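What follows is a set of structures to go through.
Here come two complexes built around chain A, the first alongside chain B, the second alongside chain C.
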Partner chain A sequence: MAEPAVIARSPITPAEPPSVVDGWEVSGRRSGAGLTLVDCMPLAKILVRAAPDGAVGRWLGTPFGRAGTNPDGVLVTGSGPDEWTLFGPHGSGRALVGAVEDLSGERELVSALDVTHGRTLMRLTGAAARPLLSKLCAVDLGNAVSPNSAVFRSSVAKVITDVVRDDRSGVPSYLVHCERSYGSYLFGALLDAGAEFGIEVDGYTSTEMRGV
Partner chain B sequence: MRRKAQATGVDMRLGPRPGEIIDRSRGLTFTWDGDTYPAYRGDTITSALAAAGVRVMSRSFKYHRPRGVMTTSYLDPGCLVQVGDEPNVRASHRMVEPGMSARPQNAWPSLRYDVKSANGALAPFLSAGFYYKTFMRPKRLWPAYERVLRGFSPGGAVSPEAAHDYYDKRYAHPDVVVAGGGPAGMAAAVAAAAAGAAVMLVEGEPELGGHLRWGAAPELAALGDLRRAVAATGGIEVLTDSVVTGRYDGNWVAVVQRSAPGVVERLIKARAGVLVAAPGLIERPYVFSGNDIPGVMLSTGARRLINLWAVKPGERAVVLTANSSGDAAVCDLADAGVDVLKIVDARSGEDVVRAKGGRTLRAVECADGTTVECDLLVTAVGWTAPTSLLNMAGDRPVYNERAARFFPGGGHDDVLATGGIAGDGSLEQLIDHGSAVGRAAARRAHEVSATTEIPSLPVEAHPALFKARTHGFVDFSEDVSSKELEEAVAEGYDSIELAKRYTTATMGPAQGKLESVNAVAVVAAATGATIAATGTTVWRPPYSPVTLGALAGRSFEPVRYSPMQPWHEAHGAKPLVAGQWIRPDHYGDPAAEVRSVRSGVGLIDVTPLGKFDLRGPDVPKLLNQLYINKWSKLALGSVRYGVMCAEDGVVLDDGVTGRLGDDHYLMTATSSGAETVWEWIESWLQTEHPEWRVHVARVTSDFASINIAGPRARDLLSLVVDDVALGPEEFPYMRVRSGSIAGIDGSFMWRIGFTGELSYEIHVPASYGLGVWETLLERGADLGVKPFGVEAQRILRLEKGHLIVGQDTDGLTRAYGAGLDWAVKLDKEDFAGKPELGWQEGRDDFLRLVGLRPLEGTAVPAEGSQIVEAGIIVGRITSSRMSPTLGRSICMGFVAPHLAEPGSAISIVAPDGSRVPAVVTPQLAQVDPKGERLHG
Partner chain C sequence: MILIPCPHCGERNVSEFQYVGEALTRPNPDGVDPEQWRSYLYLRSNPAGPTVESWFHRAGCRRYLKVERDTVTNEVTSVTLPGRGGPQP
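After this line comes the complex of A and B, so read on.
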């Protein structure tokens, strides 16, 4: 049976012009604005639950509330006391799950779940990223409390959202992810809040497909 | 260029002043009460009108007396106007804009001839408590009274058609918030920032500077220095035209930013390490007869008008002065060309008795017996310390007789005071004090020191001047006079808090900042107590009135969409708001959708179903705890229906759970109950059984879920699945399989049914949901596949007799009442609700859920209709629909136990009062009760 070419779609309607990259419908827009929002839905996202002091916890090496990039270029975020969310290149989900499961021993309860399709992931980048987020989120985003690599889960525009500060070349940048079904709403709320700062939607490139 | 107003033919604009804030190169026009007036950028509505010689800006709330400028500030009680569609605009604060249309309030038919000013003649009868006393009886006439009284209610009007504006909110976490941008406030901000603190400096006026702005050359020089220091010091966020409206526990500080770019107002929720209150002092009006006549102004008001807006406040003036502000006003008036006819020096015991005039001041009668004809009376009799923000931190102000004003009580580590409310002294002393407070605030915010010593400011002597020997207005906002306050005391309201509430003094838009000390002084004099013993009223948030728009801010109402939402929208689905989800209710004809499912095959988007991924060896223990039925022997690849009850035995949710692997399960919950179930699961795992080795993840959004239902369901599924055997033997009812659907790996198929038909619930990775949905419709075209919505699903399940938790159960429905006896396994070791259900099992006094069939097949009693017997309610309808399959109406409902037997006749009372006779059916299912279609 010849299967149809079913493409993967983000919950966020791609900004014009749309294109298909590696089986995903994405936006081909290119923006030079000082504040941009990118839909990063295609990136692999893995939810890991394990004991912080177990083999997997030690391997991941990132404590709760912080993020770090491992030697394979995977961004490991400590999203809960015994929980991590991993972000890898497009299509790497199965390998990441396997890597985690290979490490788990007989006695340790470890679960690795590919949530690529269940989490909407966006990247907000620019000098005004912090004041924009402060319109939607009550957490102190200052450097003392939320420095680069900080990770927290909070209400953003009244949606339970994970926020990862992941600056790009010294420019403030935040990865924002929530349950997929809220993705379109949250994307819109970020654009609405960013209007006064001149926010623009930027497209998703194959370069970004390689990771965050 | 002179810009005389055509409407008045008067030009009171002065030549350039050193500190003026108008831009004479940018002239504009606006309208006031229908006439066009000239103005400059930087003018307020009242400064522009005053420059055109306009004296009456509004009518007062109660007596409709003509009122004009008094303070030329935000507090001006007689200058609330309507601007466009916006009521109650502070005309002495709001800048004019080109084309602005401003109108007076509280006046009909015109500001000049206001019919309701007849209230003034009735003033002797409209004393405090007039409404309470007069309109109590007869009680039956109150509706009529109310209609008349509402016609007298003050304020402007908002059109229901008014366009919505953009109001905003944001959060902030500064180390130090400085409330007040006068010299002490600016110095505090600079010192705190220099010490490393992140500072938010909040100023109510459009510019920093406080009283320095309308001062003489030395003050203006100091102002320049301080502004430069603020600008040069990093770490200070300056918010002008903004106000700290409240201080709450934990130094949660509310700031309203009135003129941020792109937004009308913004509410800033700031969590401050330390709050520095530096609001300065507010000049007190003097109480005497005629003190509200247009032309009677405070010294600061006159000086602001002259020096900020270059407007001459009058031609011939009398000045009552008891301090340096009054003396400075004399100089400014003379400099502006005003003929100062008489200086009444209160420090020498001189006084005024009354002001005379109507729409404008005509003369002032002095205590020495002289009467001076004039159009301007300037008073400078003392100050009020607005200690509101300190009061909100628990501070109680203390009266200082020497200074004749209240001071903060003190003693707070995280709320400090500086500037005029903390004491007097030279400008240098105030700046030094501000700097010391700023440094202390930074240290305290960084928890370096909690008790840093702060030097005191001197306290200068000031005459205690509150009221002349005549009565006048104490509260200009509410039209409360000193006479009314004395009468209130005479009636027994002899506490300032009682007198305040009885007379409404201090309760108007000025919120006590102009009138509270005078009210205290009048009450003290009337009771014979001292001002110190009388005390003050309590200042509570907000410090300044806040618009509803600012409180509301942006509307965040999250909505959730399925991956197939674009298809639903494109194909005319009527949206159904189901909690946060937007779902297709139907695609035009729900009955046709039902028939399509019964006769062929249909698709419904069931993505909102709650879905949970459960892993670990102790999952069976968790399932046994959550569900009332048994779960220990669920075979691999099997699915079981389960019912959850709360600990009181009330039905909480239901759904199916399938076993995907040895220690891997997938649980579903109802769409509306998913969040509750998630919290319920986590509650058991985190608080009751943390030792259980279980990991649970919410995966509702991870999968696009589609139910394929109808006799051709298997045929349709087989068109997109080739790695799973779909035959009835290989894939029987209540089983789950994983595989590839339309080429999408990682998909699941459940053979279950809510509609009563052969059906498969498929779950595909959400990003492919739309593609799979379209593929099913495309490939199933020859099978006649049609989408169906929630309404059709509700009909189908009612025909089949499946209950919906929350629809056919309520907050009192225990499992036995819902007909779930078969599921309750009291022989299990434990489960949520077991004790209560054990108790219910032995009783026979609860309502039962039954199927019902109206005798008249066209009658569909509304859901919620009562079932009655001999005038007593014995049940209610929970679900009712016209069944397209049976061609008649069917229902489900609760009935008393003696009516639950099949064949029992019942009587339903429809909302219109008509009776609908019905009979109890043998079982809940009214279509295919034996399940032959389901198992097909």
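After this line comes the complex of A and C, so read on.
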């Protein structure tokens, strides 16, 4: 049987052993560590700009600074005052852009852009995720200011980064995404900062982001 | 360290912002003489004391902000979103 063809790569070099999931070259490593970092580059990422009180804004339903999962399993994050970033399963980008455009009609000024290949997305999960991120980011990550589903954009390791707190089964977890060109650096910076907490790279699977 | 209280994002380090310049009211290009236009483009008052400036929150909400700051003490007294009629970034 022929090996699956690689049609896309992340800017982050996959940890050994390499694997192919949905056409993406990813790491096939499976880690049982308490603190893990996963390159989630294959997930669809859609940038939406629209008026918060318009049809698209109401449909998205998530205010600036918060995240929520819609009935289709898409994570909708309010990343700016009139800006949202949608995270969907691999390959759902075109359908998501179409859904937003259909809803906007002709009267509302809306932009929906598939930035799946243009931005790097990684997931940091573990009890020590918060102290790790605190080493690189000045924003208060405590529950009072940044509870589960909080979204903010700030400087992480001096890179402009969007951070989404998206806990997994009660375990603190953060989605971290930035411009593609900074992805490899930021991934390395998180690994460096997490060395004292025993961080390990985990591989990506197509079910990595269950419920997203 | 200067902290700027962004109306959208809360108090953030000044390194997240980009200084744009003194907030000026743009003259109407239809009725302005060359001297006034040159003044708007190139001349700044650069006061030692309170001033109104435009800053861009590039690592946050990506909005232009109107910041009242004392250039001697670096004390930020007010941060608002620029509105119609006032100085524009």
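A few comments on the model shown:
Everything below uses one rule, namely that the second predicted complex is superposed on the first by the 202 of 212 C-alpha atoms of A that agree within 3 Å, B and C clash if a C-alpha of one lies under 4 Å from a C-alpha of the other, contacts with A are read in each partner's own complex, and residues count from 1 in each chain.
In the analysis below, a residue touches a chain if its C-beta (ideal position, glycine included) is under 8 Å from a C-beta of that chain, and two chains touch if they have at least 3 such contacts.
Every value quoted in this text rests on a predicted model; they were computed, and no experiment measured them.
In the superposed pair of complexes, A:Pro81 makes contact with chain C only, with no contact to chain B. Within the superposed three-chain model, A:Arg66 lies out of touch with both chain B and chain C [touch as defined at top]. In the superposed model, A:Tyr185 makes contact with chain B only, not with chain C. Within the superposed three-chain model, A:Gly142 lies in touch with chain B and out of touch with chain C [touch as defined at top]. Of the two partners, chain B and chain C, it is B that touches more residues of chain A.
Looking at the shared chain after the overlay, A:Val6 reaches chain B, while chain C stays out of its contact range. Look at A:Glu196: by the touch rule set out above, it reaches chain B but stays clear of chain C.
When the two structures are aligned on the shared chain, A:Phe152 is found in touch with chain C, with no touch to chain B.
In the superposition on chain A, A:Arg130 makes contact with neither chain B nor chain C.
Overlap of the chain B and chain C contact sets on chain A: residues 138-139.
Those residues of chain C that touch chain A in the shared complex are 8-9, 12-13, 15-16, 58-63.
Residues of chain A that touch chain B in their complex: 1, 3-4, 6-11, 13, 24, 41, 47, 49, 109, 111, 113-119, 131, 134-142, 145, 157-159, 179-182, 184-186, 189, 192-193, 195-196. Of all residues in chain A, only 64, 80-81, 83, 138-139, 152-155, 160 touch chain C in the complex they form.
For chain B in complex with chain A, the touching residues are 168-173, 198, 261-263, 269, 271, 554, 556-563, 566, 581, 607-608, 613, 615-617, 693-695, 697-703, 722, 742-744, 746, 765-768, 770-772, 775, 778.
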